[in-house]
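Two complexes come next, and they have one chain in common, chain A, joined by chain B in the first and chain C in the second.
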Partner chain A sequence: MSETFDIHFLIQTFFVALSGVPTALIVTIVSLIVALPLGFLLALTRINRIPVLQWFSQVYVSFIRGTPVIVQIFIVYSSVPLFLTSLFKFYHVSVDVYKINPIWYAFIVFGLNSTALMIEVFRSAISTVSKGQLEAAYSVGLTNLQAFRRIIIPQTLVVALPNICTVTINLIKATSLGYAMSLQEITLKAKVAANANYNYVEAYIDIFLVYLMLCSLVEYLFKRYEKHLRKYKTVAA
Partner chain B sequence: MLEIKDVHKSFGKNEILKGVSLKIDKGDVVVILGPSGSGKTTLLRIINFLERADKGHAIFDDTDVNLKTASKKQIHRIRQKVAFIFQNYNLFHNKTALENVTEGLIIGRKVPKKEAVEMGKNALDKVGLSEKYHAYPSELSGGQQQRVGIARAVALNPDIILFDEPTSALDPEWVGEVLNVMKTIAKEGTTMLVVTHEMSFAKDVANKVIFMDGGVIVEEGTPKGIFTNPKEDRTRQFLRRVLPEDYMVYI
Partner chain C sequence: MEKYFDVKYLWGSFPMLLPYLQVTFVVAGLSVLFGTILGLIIAAMKLGKSKVAQKIANGYITALRCTPSIVLLFLVYYGIPAIVEIFGVSMDTVDKIVFVVITFTLQFGAAMAEVIRSAYESIDHGQFEAAVSVGLSPFQAYRRIIFPQAFVVALPNFGNSFLELIKEGSLAYTIGLIDVMGKASLVIASRINAHALETYIALSIMYWVISIVIEQLFLQLEKLFSKGKQVIKPA
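Showing the complex of A and B:
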């Protein structure tokens, strides 16, 4: 531990931590791009009781929810390279597995993780939109896809949005665990900077502030979007 | 125009329809009466493929469609001809009244938007909602919502409109306005198949009344025939239950 509180270092490292934001955001966004449609579809398999698939998503959700993210990271980060090495060997691909950017593992871990959470978010949201509206859409000549895109999904989103916001914010915070696979994100960058002179307190304050700012901004954007989507519910039913 | 042949349907062990056949001509207003659980609603839903029959055929004009095995394409074609009014209105909650009406025109039928809006406004005018084009369903009363539902069906200019207990979910104060709209479109020559408990509508507007019980058609005839001189015991018992005591005398 450093002996004095170093304001100069605090300010300097703040920007170091800030430089990790793009990585954290890219991981978050890619994970959401995977998780939102996949979670929605798997939620539908459960609502419509599609054999095998509904069983799969149920087991999937309990596996992901029942294990810590850090353990999931350890498993993916240690097993996937092994698997790839033997795969590349078999097909004579000359790629050094250990030079793969850890961000790809982050995509896998956080994508899989958020998908499980989204299944649960959508499962409750979809069931709030009455099935009758789907039937009405069919009866006026909409196809299944059109009915979902124009009638069901917009309403589902409004209901799901607060929970999607929670999942997103948890996801941003969870990317801090990426340091376990040397992902160059906020936490890792600040900690590395602190290593030189043991200015951990300053670094932790910086990390704290950066996450707080990032999450507050995301929360604000979600609120704005929710307001925009909610226009048809201005009058209580 | 529309003929239904030998429709069967079971839910699990419960046999809801045990071979129902009926024929509707252009301009007919057919009312189906019957106690709850007699299969009226299921029959209507099967005609619009909201439910698959276990067996049965529908013949629209000259096209014969198997109600059990119809392809997506056939279903789509039939839904172009048949509109449906739901007991719970089932309006799209994320769309205004006008958008509810134009949705099927623009997306389902590929009508140009400008034209569709015009048609939508006409349909809403017809049901007396000229003031409510841009209101969302949550801003409308039950009666107004059901009138939007009717406008949504009418705008599609279907060959036949199926009404599934259109007034059953309404507060009594709104029943009258919905029935009036139904009367108006019936007078315009719209072909209608109506499941309802509104005896006055059956008596005044229908030209054919069907009485269903236990998954079969027990009796059918003119309103006058059914109400004043029912031939079957079951019909008589049902009417005695649902009609005021001296009602039959006055028909």
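Showing the complex of A and C:
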């Protein structure tokens, strides 16, 4: 442990930690792009009771919610290379799986993880939109796709937004575990900078501040968007 | 690293990991105990009249909600000894489990503060007034009327936070605590990093089973305590 508190290092490392923000955000955004539509579709399979798919999503959600993210990371990180090597060997592709950028593993883990959380979010949100809405949309001649795009999805989104915000915040926080896959994000960058002189206290204060700023900003943006969407909100009679 | 998957190692991991569940539960249990007390204090600050206390409580909850557990864990692990050192006390001999419990107490406290606040606010204030008007003291009113009702409302959220805590507790291995997760990394190291996948799958099954059991337990508890619950009829 360092002898004194190093203010200079604190300021310097703050920018090092800040340089990890793009990576954390890319992982978050890609995961959300995967999770939002997939979660919505799988939530529909639960609501419409489609056999097999329904059971699949039920077990899937239960597993992801029942195990720590770090264990999921380790499972993907140790199983995907194994799987890929045998696949590449089979098709004679000469790619070294151990040279793949860890960000791809991060996409897989966090994509899978947030999909499960989104299924739950959408399941509760869709069930709040009354069935009459869909019937009314059909009766005025909208197609299935139009009815969902114009009527159901906007209303679902208003209800789901606060929960989507929570999932996003948790996702940003979870990217800090990317260090386990040597993903160059906020935590790892600052930690590596601290290794030289054991300035861990300063480094973790920096990391703490960066996450605090990042999450507050995301929360603020979601609040603004929620206000914007509120015009779709159905008022309970 | 051998390039095949062997179920033998998966089964073999269970007897090695199971004894260490105790550590996981001790961490979770102590954190829940202290965290609930902390949550009560923060919720009381937030519901109280003092504007300063409200600001502090809100700031605390926001800060904790925005901090990943692993960052908080290391802040506590490196930060507290550094602060204590200023006063000339060394914390070198303190067991690692203390830091883990402090971390998750802080985190669980923030989660519980919100759970307790929303449960308290869900109970109509007229209940308290009615209780006092029939001659109960304020303490009796809280104990007999408000608490039993708020408890039922808080139960599902409490269960969720508890599950979250058990899962986040797995991060304690990063500072070297030997709980199930820590033991799993030791087991993998002892196999020279081979068969990591099997060990992690065994670990995930254990967590999965624990989660399902706790989830069901809380569902049953909810059913048990909802007996006297009044259904709100729209006026």
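Keep in mind that, in the parts below, the second predicted complex is superposed on the first by the 231 of 237 C-alpha atoms of A that agree within 3 Å, B and C clash if a C-alpha of one lies under 4 Å from a C-alpha of the other, contacts with A are read in each partner's own complex, and residues count from 1 in each chain.
Operating definition for what follows: contacts are C-beta pairs under 8 Å (C-beta built on N, C-alpha and C of every residue); 3 or more make two chains touch, one makes a residue touch a chain.
As the structure is a prediction and not an experimental result, all values here were calculated from the model.
Peer 1: Just checking: does A:Phe208 make contact with chain B only, chain C only, both, or neither of them? Give me first, second, both or neither.
Peer 2: second
Peer 1: Look at A:Gln155 in the shared chain and tell me whether it touches chain B only, chain C only, both, or neither; answer first, second, both or neither.
Peer 2: So A:Gln155 only meets chain B here.
Peer 1: Please tell me which partner, chain B or chain C, touches more residues of chain A.
Peer 2: C
Peer 1: By the touch definition at the top of the document, which applies to A:Tyr138: first (chain B), second (chain C), both, or neither?
Peer 2: First partner only.
Peer 1: Check whether A:Ser130 is in contact with chain B, with chain C, with both or with neither, and answer first, second, both or neither.
Peer 2: In the superposition, A:Ser130 touches chain B alone.
Peer 1: In the superposed arrangement, does A:Gln146 touch chain B (first), chain C (second), both or neither?
Peer 2: first
Peer 1: Using the touch definition from the top, list the residues of chain A that touch chain B in their complex.
Peer 2: 129-130, 132-133, 135-143, 146, 150-151, 154-155, 158, 232-237
Peer 1: What does chain A use to touch chain C in their complex?
Peer 2: On the chain A side, the touching residues are 1, 5, 62-63, 65-72, 74-75, 78-79, 82, 85-86, 169, 173-174, 176-177, 187, 200-201, 204-205, 207-208, 211-212, 214-216.
Peer 1: Help me check something: in the complex, which residues belonging to chain C touch chain A?
Peer 2: 3, 5, 62-63, 65-72, 74-75, 78-79, 81-82, 163, 167-168, 170-171, 181, 196-197, 200-201, 203-204, 207-208, 210-212
Peer 1: Which residues of chain B touch chain A in the complex?
Peer 2: 48-50, 76, 79-80, 82-84, 86, 88, 90-96, 103-104, 107-109, 136-139, 152-153, 156
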